[in-house]
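In the two assemblies presented below, subunit A is common to both, partnered first by subunit B and then by subunit C.
Right after this comes the complex of A and B.
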C-alpha cells in the first residue's frame, strides 16, 4: 500500500512538474506555394514528436506563396523562424538584404540544405488533346500554356530555366533561337499567376490552358486531388533538377528563443519519417535509401540539368535571366 | 448543358446574327454605292468590339450549337477560354488589390490638413497649420504711443502622429517671430485613454483659455487670467479621461514657467513645479441642456529662486504691451502657488467662458532678507459668444459653418459676436517697495467686443475692439487707456 502511495506521489510530482514546466512554443515556417499539404503533415508529425520528447506544446504556422514574394516578406519583417523556399537564391537574398541569417546558411544542413528535390513536368488534360510531347510543343500556335511569373515565383524560374536548357540543346546553343522559342512560349501564356499554386488553380480549377508547366509534386497532387481523372502528366525529354532548400532564420530564432526547436524541425526533414512524408507528397527524397523502392517508383528517370553545372549557379542565373532587364524581361516584352 | 455553354452559344448566335446584319448592311451599302469598297474592315472591327463587350457581360440562356458541328463547338470552346482567362485575370487583379490594400498607406488631403496613414491604421502622420496675419491699430495713444502694425502673430506648421497604438507625438515650430522657435514638442505614451504619459514641451495645465487652441480663442488675444497662467512648460505629465470622458485630469512636474510665459530651455533654478488640473463635464454625453457645461480647478506649486524674466511676471495689456513688472531689485525667493477655478457653458449658439486665477509668489528685495513677503496677483475674465448664423458655439470655436462662404453668394459662412470683460489686479502690497506705481499699473480692466467671421472650416476673419483702463502706471496718475482695433486673417487646417 505504501509503495502504491509512493508511486502515485512520484507520478503526480512528475506530472505536476511536467505541467508546470511545459511551454507553448510557436514557430513560423515561411514556405513556397505548393508545399501546403506536405508541411501540414510534417508539422503535425513533428509537433507530436516534439511534445513526446520535451513535453512542450508546439504550434507550427505556415505561410505559403510565390517564393520570391515570400522572401521579400521576410526581408520586410515577417518573422519567420524557418524558411523553406523554392530556390537558394531567395534565401540568399534574405541573408544579403535582410541580414537575417549567415551567408553560409546552405552549408549548415546536409546536401546543400536540400532535404528533397523535384523537377518540372507538364500537366495536360486527359487524352492530351493538344498532343503535347515536349517543350517544343509549348510554342506551337493554338497551345495555351500556364506558368507563373518568374519575377515572383520560384517554380516559374525553374520552369523558365528548364525551357531554356531544352532550347539551348535543341538549337545547338544559339541564344537568338532560344530567345525566339521562349518568346513564342510566353506568347502562349494567357495568365501569369504570382505562384505555382495559383497557376495550378488557373489550370485545374478555372480550366484555363492546355498545359501547365508545374513542379512534379504539384502535378502529382493535382491528379491525386482530381481522383486520378481529368489530367495526365507528360514528362519532357529534358528537365531541371529543382532544389528547394531550407534554412533557420538566425536573427528571428535568437530573438524569439526558438533556435533549438527550429533546427530540430528542419533536421526532421532528413529523418526516415521526413523523407517518407516527402515521397508521399511527391517530392523526390534527397536520401532515397530511407524510402521504400515502391514509393520511389512514382518518380520517373529523366535527363536533368542542374542550376550549378548548366547555369553557373543561382547568382548568375538570376542576374542573367530574372533581374530587371534580364532575358525574361526582353522575352516577355517581345511576347506581348 | 452547362449554363456557361448555353450563354456562350447565345454569344455565338448573336455574334453570327450581328455578322449577318453587318454583312447585309455592307451589301446594301455596296448596292447603294456601287463605286464604294465593301467595308470588311469596319465589319470586322464592329464584330470585335461587340465580342469584347460580350466578353464582359454574359447574355441569357440559349441552345448550344449542335453536337455534330465541330467547328461551332471549337469556336465556343475558344470563346469560353477567352472568357475564363478574362475572369481569372480579374480575379488575380482583385487578389493583388486586396493584398496591396493591406500595405498601401492611405493619403488624405482635406480641410483638416494632410494625413498619411498605414493600411493597418497603426501609423499615422498629419501635417496641420495655423497662420494668423494681423493688422493692429492703436488709437488715442498720445501719452503712450504705440506702433500701428501689420504682423504675423502665428505661423505654425504642426507635425503630429502616432506610431502604433502606444506612441504619439507632436512638433510645432513657430516662424512668426524674428527667429524660429519651438512651441510644442512632446511624445505621448498612450498606455490607456485613462492614463497617458506626455513628456516634452507642453501647455501648462492651468489656464482655461491658455489650453484653448490659438486658432479657437474668442478674441485675438487671450484675456488677463492667461497672463498669470504658465504658457509652455518643459516637463512630464500624466493625463487622461475618466468616466467616459466626463472627467479630464492632468498632473505633472515641470521646470516651472513664470506667469504668462514659457519655461526657459533649461531650468533656471534648481526647483521643479508641480501642477494639476481636473475638469468635469458631467452631462457631456447626455443630450440635455447641461451637456455643454464644464467646470474644474487647476493649481500649481513650486519654488522659484531668481531674478528677471525667467522668474517674475511682466503682465501685458490686450494690445500686448507690458503694463506691470517688478523692480529690478526684486527676487523670486520661495514658493510660487497658483490656483484657478474655471468653467464654460455652451448651449446651441451661445457660449460662456469664465476663469479666475491667483498667483502667489514669495519675493524679496535683493540683499534685504527682511523684505521677504508673499504677493498675490489675481485676474479673472468672462467671455460670451453668440453665433448669429445658428451654428453651435464651442470651446473649439465654430468648427464648420453650415453654409460656407462662396463667391456666388450662396453661402456666407458663420458669424459670431463675442464680448469679454476682465480684470488683472496686482497685490496692493507690491507698491511701492516691489513695484513702481509710476511705471507699473496696480490694476487693469478691459472690455472687448468682436466679430468672428468663419468663411469655411479653414478661413476666419476676426475683428476686435478692446478698451483697457489702468489704475496707476504713470507718473502722478493712471496710465493712458489702451484702445485698440485689431483685425486678423486666419488660415488653419
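Right after this comes the complex of A and C.
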C-alpha cells in the first residue's frame, strides 16, 4: 500500500514537472465586431510561431462585439490581456475610467498603435439601381440608407464623421448646412442597428435599404460571402481614415505575467505575415511595403480625412458629436 | 431588552401551527436580500447620486418619455393580447382531447427556453418586408418588422407561456358540476361561460397578464432585432439604458432603470390588489 502511494507521488511529481516544462499560456484578445475572421487566423498563426520559438502552448481566446460595449466589459473587469478596438476613444476610456493602462498607450507601438486601417465605403445592390455615386446621394428623397447607431457602434461613428467631413467640404465649412444635410441623411435611415454586423445583416439578409454605409473590410467580406453576386462597392469622393488601434492592458498582463507574450502578439501584427493576413481580410496594411502590390490592388486610393487632423482627436469628436446633447442628438431632435 | 424581544419572538412563534418559522423566514430574508434587495438598493444609491435636478432633466427628456411610453404601451398591449389568446389556448389544451395535444402543450414552453436573440432574429426574418408573412402584409400596407408593431409581436411571443401556464392548473381544477348546474337551470352557453366560468378564472388571467407584462417591459434581446431602434419612434427604454451605459453615463442609466422599476412596481401592485380582491370575493 505504502509503495503504491510512493509510486503515485513520484508519478504525479514527474507529471507536474512535465507540465511546468511545456507551459500552457492563455491570452485574451478583446476586439470589436468585424475582426472575427481576421483574428481567428492571426491567433492560429501566432500560436504556432510561439510554440516553435518557446515550446509553450499558447491558447488565444478572442471576444467580439460592439466596440463601446467591449471597452465597458474590460473596465468592469473582463480580464483582457490585449484590446484591439474600433477606435482610440474606447481604449482611452479603459485608460481613463478603468486606470488599466497608461494614458500614453497610443505612443507605445508604431504608427499610432494602428497596425491596419480601413475606410468607410458604400455597399449597393448590383447595378446600383438608385445611382448612388457620392455622399450627397444619400440625402436624396427616396433613397433608403442603412447605418448602425453611432451611440452604440464604433463603426457608425466613423460613418457619421465621414459624412460630416464631406458635407463640411461641400458647404465650405457651413455648420448649419452640414447639419441639415445629416438630418436629411438620417431621415432616410429606416433601421438603426446597435452594431456594424447587425446593419450588414439588415442590408444583406433582410434586403432592406438601397445603400449600406460600412467599413471597407465589412463591405468586401459581404461581397465575398455572397459569392461576388448581389452587391457592389461604391467608393465616395472623400472618406475617413478609420484607425482601429491595439494595446496591451498593463494591469492585466502584469498580474497574470503575460506581458512578454502579449507584446509579442501585438508586434506580430506589424510583421510581414501579420500585414499579409490583414490585407487578406480586407484591412488596409499600415506597412504596405511588406505586402505584395497584387494584394494591395483591392484598396482604391481616395481622399481621406483623419480623426486627429480634421476633428481634433477622438476626445473632442466624441464630445462634439456623440455625447449626450451632441450634434447626433440634435439631428434627431430637429428631424422631427 | 433581550428577554423581551425573545419573549415576543417566542409568543409569535407559538401562535403559528407549524414549527421552524424563525429558520425559514431567516433563510428567506437572507436569500432575498442577497439576490433582490441589495442589487436594487445599489441601483437606487447610484441613481440618487445625480440629485433632483439631474433626475428631473432625464425624466422630462422627450426621448426618454417617448421610449418609456413605447416600452409600457407595447408591453400592455402584448400582455392584453396574450391574456385573450392564452386563455383560449389553455382552454383548448385542458378541455379537449385531440391528436397532437401533448406536442402543442410542449410547444408552449418554447419561448421560455429559446434565447431571446434567436426569437428576435427569427421573427424579424418572417415579418420583414421580404419575409414569409411580411411580404403579404406589406402589400396591404402593414409594416410589422422595424416598426412598433414588431415590438408587440416579439413581446407576444415571449409572454405567451406566462398566460397559458398560469391558467392551465386553474382550468383543470374547475368543477364541471358548476357548469352542468348552470346549464340544467336554463343558462345559455354564453351565460354559463360569462357568469360561471369566467369569474373563477379571472384572477389567474390577471396573474398571467401581470407576469407577461412585467416580462415585456424589461425585454431587450428579442426586441432590438425587430424594432428598428429609431429615436422617438421605435426605441425602447432598455435600449436607452444600454446607450447611456455606452456613454459611460452610469447614473443616467440607473435613473431610467429606477423609473422603469417604479412604474412597473406600481402597475403590478395595482393588478395584484385587484386580483386579490377578486379572489376574495370569489370564495363564497
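Operating definition for what follows: the second predicted complex is superposed on the first by the 314 of 336 C-alpha atoms of A that agree within 3 Å, B and C clash if a C-alpha of one lies under 4 Å from a C-alpha of the other, contacts with A are read in each partner's own complex, and residues count from 1 in each chain.
Note that in this section contacts are C-beta pairs under 8 Å (C-beta built on N, C-alpha and C of every residue); 3 or more make two chains touch, one makes a residue touch a chain.
All of these numbers come straight from a predicted model, not from anything done at the bench.
Superposition of the two complexes onto subunit A shows a clash between subunit B and subunit C. When both complexes are overlaid on chain A, the residue A:190 reaches subunit B and subunit C alike.
Legend: residue contacts after superposition of the two complexes on their common chain; A:302 is shown touching neither subunit B nor subunit C.
Using the contact criterion defined above for the overlaid structures, shared-chain residue A:290 touches neither subunit B nor subunit C, since it reaches no partner.
Contacts of A:78 after superposition on the shared chain: neither subunit B nor subunit C is touched.
Shared-chain residue A:207: touches subunit B and subunit C both.
Once the two complexes are overlaid on the shared chain, A:68 sits against subunit C while remaining clear of subunit B. Residue by residue along subunit A, subunit B and subunit C are tallied for touches, and C comes out ahead.
In the superposed model, A:149 makes contact with subunit C only, not with subunit B.
By the touch criterion stated above, A:330 is placed in contact with neither subunit B nor subunit C.
For subunit C, the stretch among 219-227, 255-263 or 273-281 that collides with subunit B in the superposed model is 219-227. Shared contact residues on subunit A (touching subunit B in one structure, subunit C in the other): 190-191, 193-194, 198, 206-208. Subunit A contributes residues 144, 190-191, 193-194, 198, 202, 206-208 to its touches with subunit B in the complex.
The touching residues of subunit B, counted against subunit A in their complex, run 81, 84-85, 87-89, 91-92, 96.
Here subunit A touches subunit C in the complex through residues 66, 68-69, 72, 93, 97, 149, 151-152, 189-194, 198, 205-208, 322-324, 329, 332-333, 336, going by the rule given at the top.
Residues of subunit C touching subunit A in their complex: 62-63, 124-125, 128-130, 145-146, 224-225, 228-232, 239, 242-243, 245-249, 252.
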